[in-house]
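Look for subunit A in each of the two complexes below; its partner is subunit B in the first and subunit C in the second.
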Partner chain A sequence: MEQRIKAVIARIMGVSPDSIGDDASPANVDKWDSLRHLKLMLALEEEFNVELSEDQIVGMTDYAQIAKTLKDASVS
Partner chain B sequence: MSFPSLAQIEEERSRSVEGLRPFACAVLSNITIDLLEPYLAYAARREGMDLAVAKGDFDNILQEAMGGGSGAVNERSQAIIVAMWLPAFSNTLGFAFAQASPAAVADEIARVSDYCAATILALRQRSSAPILWLSFERPAWPAYGIADATMPVSHAKAIDDLNAQVAERLKEAGNAYLLDLSACQQRVGARNFYDWRYWHLSSAPLTRDALGEIALQTFKYLRALTGRTKKCLVIDCDNTLWGGIVGEDGLDGIRLGDAAHGSAYRDFQREVLNLYHRGVVLAICSKNNLADVTEVLQKHPGMLLREEHFAVMRVNWEDKAGNIRSIATELGLGLDSMVFVDDSEFEANLVRSVLPEVEVLLVSPKQPARNWQILAECGLFDSLQLSEEDRSRGQMYRAEAKRKELKAGAVDLNEYLRSLQMRIVARATQGEEMERAAQLTQRTNQFNLTTVRMTRDELEQRQASGEYILRSLRLTDRFGDYGTIGFALIRTGETAVIEVFLLSCRALGRGVETAFLSICVDEARAAGAKSVIGRYVPSKKNGQVAEFFSAHGFVLEHEDSGVKSFRFEIGKSEIKIPDHFSGLEQ
Partner chain C sequence: MYNPYVVGKRVYLRHPTPADVEGRWHEWMSDEETTKWLSAQYWPNCVENQREYYANEVRSRSRLVLAIVDIESDRHIGIVSLSGIDWVHRYADIAIVIGEKEFRTGPYVTEAISLMLKTAFLRLNLRIVKGGYVACNETTPVIMSVFRFREVGRYKQLFWCNGAYEDGVLCMLERDDWMRRNGPRAR
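Then we have the complex of A and B:
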C-alpha cells in the first residue's frame, strides 16, 4: 500500500517514485503545490476507490498523514 | 472512449510521443477547473494533438478576456474555453433562487448577461480563435422543487433564458459555440456530476466523471474545428447490421426487425441511417458471399439500409484491412477520415494494427441493444454545422460509383469525359452557400492550395469589405448533381492574390480544377488585375497540388520554407478550359 501511495504521488507530481520518501511533503517535493495537491487527493480516492471526509482530506497534508488516513480508512 | 485513472493519464503523458501537432488552448474560469486539463490533453493525444492549456487567473474571466491578468488569451490561442460556473458567479441564480423576487431575478439575469456579453466582445477584440462557452446547466434540484414549472419565474426557465441570451451574443461574435453543459450533466447524472466536498475545500465542484465528459464534449468541437471530422463509416454485416450469420442462418434466419431479438439491430441501422442523412458516406466490408448480402439488402423486410445507401461494398473473403484501404482509394478519401465498425475483436485489432489511422468501433454481439448508442455518442462524425450538401452526400457518392462503371467501359478518357455531359457553374458565393464554403475550407485537405480554415463569419467579413471575390463552384453531369465542390477566395487589386483555392476530391480527374482556375483568373482580370499571385502552402496532405500553379502557366517567384509564391501575367499566357464540358456558367 505504501508503494502504491508513493507511486500515485510520484505520477501526479511528475517525479521519479524513488524520490518520494517517508518524509515527502510539499516542503521537500518541488512541484507539490496546492493544485497538484488537489489532483493528488482525487487521484488517491480514485486509486483506492474510497470517498474521504472533508476532515480527512484536510488532514492529508504530507505523505505520512496520507498513509495514516488511508490505512485508518482501511482501504485495500 | 473512456478515460483511465488520473494517475495513469499522468503516467502516459510523461512519455513523449513523436509527431504530435501542437495546439494552444486558453481556459478561463471562475472555479478550479484545472483538472479538466489532463482529460482534454489525453483525448487530444489520442488524436495526434499535443494540447497546451494556458489558464487564466482564477475567477478573473472578464479581466483575462480584456488582456489583463495572466495573458492566457493571446495571439497564439487556437481555441478559448470559457467555463463560467453560474452558482459560483451568482448565488441568486444558482443556490438561492427561491429567496429572490421576480424583479431581483430579472436584475440578476441582466447583470450576468451583461458580464457575458462584455467578456465575449473583449475576447473577440483580442482573438479570432474559436470560443467554446460552457452553457449554464439547468438546476438538477430547482429551488422551488416540483412546483418550479408552475412558478411565474421558474428556476429552470431563468437559466434557459440566460443561455439563450449568451447564445445570441456568441452568434454575433462568430466562430463561437455554446457547449451544452446540461447535456453533459444528463449523461453523467447530476448525482455524479458534483462533488460538494471539493467545492468547499478547493472551489472545485465538478467530479472526475463530469470533467471527463466535458473534455469529451469539448474535443468533439476541437476535432471539427481542426478538420478531423470523420467522413466515412465502413460497416461489417453479420452480428453488426443484423444478428446471426447470413451464410449459415439464411435470409429468414438472421435476427432483424420488429421482434424483440431483432429490434436492437434495427435500432443500430436507424442510427447508421441518421449518419447517412448527416452526410456520412457508408460502405460495407464483410466476409461473406456477395449474393447472400445483396439478397438481405434487397429483400429482408427488417432492413432500414438498402443498396442505395452504400457507396461501396466489399463483400469477399479477403482481409478487412486491405478492403478498407481499397474502399478509401475508391472514394478518394484519406484513411484518417474512415471509421470501421465490427463485432469481432479479431477484425477490430487487425485493422487497428495494420491501419492505425482508421478509427475502430467495436460493437457487442452479446448486447446488441447498446450498439446504437456507441455510434450516437462517438461524436466522430460531428461537424459544426450541417448544410443541404451534407444531407444529399450519400446520393452523390452513389452516382460516383455509377460513373466509375461507365468509365470502365469507355475506351478513351476524353470520350468518357465528354459522355458525362458535365456542366459547371461558378457563381459569387452568397446566402446559404457561405455555410458550405466555410465548411469546405474546414474539411478539404488534399486539393487545397493554402489550407486556410475559415468560418462563415470570416468569409462574410471578406465579402462585406468589397476587396474580395468569392466564388463557389457547382458541378452536374448526367448522373446527378455533385453539389458545390469548389471554392476560391481572391483578394482583388492590380496584383490579385488567390488566398483560397480548393476542390472537393470527388470532383477531381475531370479538368474541373483547370476550368475553375481559368474562371478565377478571368474574374480577377475583370476586377482590374494585371497579374495574379497564387500561393502553395504545403501541408501533410496537399502534396498533389504542389505543382498546380506551375502546370497552369504561373511562374515561381519565390520560395520560403516550402511556401511557394507564383505569378501569372494576364495577357502573356492563357489557361485553356478543357473542351469536354457541355456547359460553363460564370
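Then we have the complex of A and C:
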C-alpha cells in the first residue's frame, strides 16, 4: 500500500516516485501546494476506492498521516 | 483562544471583533490576488467600509460571518461565512477568504470549510449549503469536489473574467449526503 500511496503522491505533484520518502510533506516537496493537496485527496479516494470523511481529510497533512489514515480505514 | 465558537485542530472560528476590523481584513478585500474570484474584486475596500459591514452585516441573523484564527499564533487569517440564510427553507451560501497568504498553502482552507459545514448542518439545522464559482476558476471546483458539492446548473457566460465572459457554476451540498459521509464521526 505504501508504494501505491507514494505513486499517487508523485503523480499528483509531478515528481519522481523515488523522491517521495516516508517524511514527504508540503514542507519538503516543492510542488505540494494546497490545490495539489486537494487533488491528492480525490486521487487517493479513487485509487483505494474509499470515501474519506472530512475529519480524515483534514488530518491527512503529509505522507505519514495519509498512510496511517488509509491503514486505519483498512483499505487495500 | 479568544471567544471560540467552533474549534478544530489548526484553526478555530469566532465572532469577528472590532480589532479585526481595524486590522488587515479590509486590506484583504482590496488585494487583487485575494479577491480574484470574488465579487469584491471590482472596487477597492477601505476600513470605513469594513466598519460599516461589521455594524450592519456581521450581527445579522441572515448571515453568519466568522473569523478564521490560527490556533498556534492566535492570528486572524481569514473569514468564512454563511450568507443569505433562509430560516424557512433552511439553506445558505458558503464563502471563504484566506487573507493571510502564507496560510493558503496549508490545510487551513479545508479545516475552516469543514468546521463551517459542521456548524451549518449540526448546529444551525440547515438543510442545504450552496456555493458558486466562475467556470474558469481552477481551485474552487476541486474544493467543491472534496466536500461533495454537486453541480446543479450554470448561468451561461454570466461573468466578465480576464477578457471573456465565463459561465457561473451553481453547486449545492445536502445535509443527508453530508451526514452519510460525516455524521457518525462528527457527532
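Methods note: the second predicted complex is superposed on the first by the 76 of 76 C-alpha atoms of A that agree within 3 Å, B and C clash if a C-alpha of one lies under 4 Å from a C-alpha of the other, contacts with A are read in each partner's own complex, and residues count from 1 in each chain.
Here, contacts are C-beta pairs under 8 Å (C-beta built on N, C-alpha and C of every residue); 3 or more make two chains touch, one makes a residue touch a chain.
Small disclaimer: the values here were computed from a predicted structure and weren't measured.
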item	value
Which superposed partner A:26 touches (first subunit B, second subunit C, both, neither)	second
Touching partner for A:73 - first (subunit B), second (subunit C), both, neither	neither
Touched partner set for A:57, first subunit B, second subunit C, both or neither	both
First (subunit B), second (subunit C), both or neither touched by A:14	first
Touched partner set for A:46, first subunit B, second subunit C, both or neither	first
Touched partner set for A:38, first subunit B, second subunit C, both or neither	both
Shared subunit A contacts, counted only where both subunit B and subunit C touch the same residue	34-35, 38-39, 41-42, 53-54, 57-58
Subunit A contact footprint on subunit B (complex, rising order)	5-8, 10-11, 14, 32, 34-35, 38, 197-198, 200-202, 204, 208
Residues of subunit A defined as touching subunit B within the complex	7-8, 11-12, 14, 34-35, 38-39, 41-43, 46-47, 53-54, 57-58
Sites on subunit A touched by subunit C in the complex	26, 33-35, 37-39, 41-42, 51, 53-59, 61
Residues of subunit C touching subunit A in the complex	8-9, 104-107, 109-111, 114, 117-118, 138-139, 142-143, 145-147, 181-182, 185-186
